[in-house]
Amino acid sequence: MIDKTVASLAEAVAGIKDGATILVAGFGAVGAPDELADALIEQGARDLVIVSNNAGNRSNGLAGLIIAGRVRKVICSYPRSTDSTAFDDAFKAGKIELELVPQGTISERMRCAAAGLGGFYSPVGVGTKLAEGKELREIDGRAYVFEKPLKGDVALLKADRADRWGNLTYRKSARNFNPTMAMAADLSIVQVREIVQLGALDPEAIVTPGIFIDRVVAVGGRR
Amino acid sequence: MKPLSRRQIAWRAAQDLEDGSYVNLGIGLPTLVADFIPDGREIVFHSENGILGLGKAPPPGEGDPDLINAGKGAASLVPGGAFFHHTDAFLMIRGGHLDYSLLGAFEVSETGDLANWTTEDPDYPPGVGGAMDLAAGAKEVRVLCEHTTKDGQPRIRQRCHYPLTAAGVVRRVYTNLAVLDIGPAGVVVREMVEGLGLAALQAKTEARLQLADDWRPLAPPPL
Amino acid sequence: MIDKTVASLAEAVAGIKDGATILVAGFGAVGAPDELADALIEQGARDLVIVSNNAGNRSNGLAGLIIAGRVRKVICSYPRSTDSTAFDDAFKAGKIELELVPQGTISERMRCAAAGLGGFYSPVGVGTKLAEGKELREIDGRAYVFEKPLKGDVALLKADRADRWGNLTYRKSARNFNPTMAMAADLSIVQVREIVQLGALDPEAIVTPGIFIDRVVAVGGRR
Amino acid sequence: MKPLSRRQIAWRAAQDLEDGSYVNLGIGLPTLVADFIPDGREIVFHSENGILGLGKAPPPGEGDPDLINAGKGAASLVPGGAFFHHTDAFLMIRGGHLDYSLLGAFEVSETGDLANWTTEDPDYPPGVGGAMDLAAGAKEVRVLCEHTTKDGQPRIRQRCHYPLTAAGVVRRVYTNLAVLDIGPAGVVVREMVEGLGLAALQAKTEARLQLADDWRPLAPPPL
């Protein structure tokens, strides 16, 4: 029997290794797996490379990992926000590395890894600082930069509902990076509001099929 | 001579959005455009975090925490709106599916280069977000900005001094003084605020300006 | 007001030009826009290049276009079936050109076009006849072939329900190529069982957002 | 010496699918595997046309015309199943998300090359379908086939004579005479039908065989 549900947050993040590349979903605070990130602090893994759109808010989730000194590098599109002090302080102190990637390029590079492709040519960033050092190629008269797949050892995700197979649905704009990151990691872990019976999710409306998910933990929360 | 207010710049840009257009509004000044769509036009607003049919900000306290816009403020969805994931949101942007991307700018060059993502302020970590994707992908990129910086330096330049967001993409610029088209003929003044002559506008502009034969006064209503 | 619905099949296929590249959805007979293809026979366009998974069944839809002599070339993964006599006969008679593409590569190449990318590296087909003449590249120790985007002038699609914005839902395995082809053509035309009020489709369960659709025609049929 | 029936070959392959596996069954002989999954194991079957959780064929007349399998026969969905589009279906295949791809074969070489898509019969147009994707992408590719052709020619060869589907991908072969593993040590006989010696098996095999120290009799139940 397939049962990907686990009983606790500690069990959900068990076994994550030092030095792991961790995809952390969310756009700002929305759709961000804060409880899983908190559990990862407890779990103790360090020297992490984080792939995320932002770099954490206040002291929640990802910001907590940074404050705890567990993050070696952040690959993201937009580290700054009004309350991104954890990252800002670590960055100014030279304690954290930053690799800036355009937002659509981050998600496309993760999808590329998920799809088993070796890379793609993107028009985004051509002629800018962020394309420096990258292979340039003209295809049918337009200039492109070569982008490589971006894969995670682990993905930390947040969804609304799940079943024991790991099928997922989301709420509104909390979907954001979750479905792509779910596909792009070796170990995909999701926190959900609610676990439902197998067969209760509409097969036409499942956004992330369970094949991409390894562990599911219910954390409750608002609907 | 009376320069336009920020709301008037947004009003002017809104008048040019045809009924049925799909539009992404950048953070800041472009966001105001949504408030000035002429009656009877149905415009579908896209948000990079996975929304088509972005509606107005809900009354304070009535928003759904899972529904935010690209600026991470509370948002709403109009009837006919849809949610999707980040990679699809950027497929729409990069793949030329949006009719207009309206962006803010630090600088625009006479060949349509855009600089709007970093001033290289050493006190802050840089952030690019979706700026490069939005500048590279829409069917047409238009800019809304003040004609000069706070200390009077021109923003419409022969060449950008800040790092580029994208090269050769801007087709139209709405400022507090003029509406400018950028094309094979260079920078063409289509509208100027009343009481301002071409020489006076040129004095505030580094790029060489040409006056369109059919130029008109830029005269928004009081807002 | 946005209203993509049209009153007749004739109106739905109006303006399609001789020589057009037409993406025709469906896997076998399921999800195939047979009524639109029939209308295209009436409409008269010839010298067409068809991109599809199969090459038509009996005399329906795509097979009818082939029988009518309107198809110059078929790009597909699997032309043969127990009832693909229309294609088989034309092929044996040397009246139709065939370009064979692996099934996943066809859909990925269309997505590539939809996403505004210049091409991608795929491990599929390496070392086979179907990769002959294609650029080979080793990336991180694995061999890949370079695949280019595949774009349609027109897509002929079939969905279950639509609203006037062109938002679409599908039924079961009739989804197949429809969502990808919808994104990958300049003019995307869909036949649906039923047109519903704007706002009646669940925004979490819309599979094809209306931004990709240009014309919608209701043809009725079973649920 | 009693060769296995087709159902017995399928039975043998089914025994090796662990509980919780995600599996794609190729058209023909591999399709039979679904009938022989040992009790108590939950296996999720994938179909290239956008289905996870493919169930048994419905009773005649009770199928849904919109729900078919990769062979275009009537199908069903099990509780927990999900529908998705073709590009996602092949992302799962190509991206290594399936545990097993079970395929038929014309020939397999001693280095794991697979030929199963064309015999270059000049009387028919060629078709590849999803064969190359399925052979290139799954975590493990296994083949089910008769040990020899109808006229007694070996299918397990030093090198394939028919055009390749993929090079170096097959890890295990189930035939009516044996279970063979293909790896760095070459082709290793893990099981043989009772009454057959290595020399007799070698006589029906072009590839050089080695007998595993712990080889066992291949003895399926009567089916």
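Lettered A, B, C and D in written order, each chain numbered from 1.
Keep in mind that, in the parts below, a contact is a pair of C-beta atoms (placed from the backbone, for glycine too) under 8 Å apart; a residue touches a chain by one contact, two chains touch by 3 or more.
On a predicted model such as this, the values are computed, not experimentally measured, just so you know.
Common neighbours of subunit C and subunit D under the contact rule above are A. Subunit A and subunit D have Cα centroids lying 35 Å from one another.
The distance from the centre of subunit A to the centre of subunit C, with each centre set as the mean of the Cα atoms, comes to 33 Å. With centres taken as mean Cα positions, subunit D sits 56 Å from subunit B.
Touching of two or more other chains is recorded for residues 108, 111, 115-117, 122-123, 170-172, 203-204, 207 of subunit A.
Multi-chain contact residues of subunit D (touching two or more other chains): 77, 83-84, 90, 94, 136-137. If you draw each protein chain as a dot and join the dots that touch, the picture is not a line, a loop, a star, or fully joined; it has some other shape.
Across the assembly, chains come into contact as A-B, A-C, A-D, B-C, C-D. In the complex of the two chains, the subunit C residues touching subunit B come out as 1-2, 111, 113-117, 163-165, 167, 183, 198-199, 201, 203-204, 206, 209-212.
Across the complex, subunit C meets subunit D through its residues 27-31, 53, 55, 77-81, 87-88, 91-92, 98, 100-105, 107-108, 110-111, 122-130, 170-180, 207, 222.
Note for the complex: subunit D touches subunit A at residues 19-20, 22, 40, 42, 44, 46, 52-53, 77, 79-84, 90-92, 94-98, 136-137. Listing the residues of subunit B that touch subunit A in their complex gives 47-51, 64-68, 72, 75, 77, 83-87, 89-90, 93-94, 123-133, 136-137, 163-167.
On subunit A, the positions that touch subunit C within their shared complex are 108, 112, 115-123, 137, 139-140, 142, 144, 148, 169-172, 202-205, 207.
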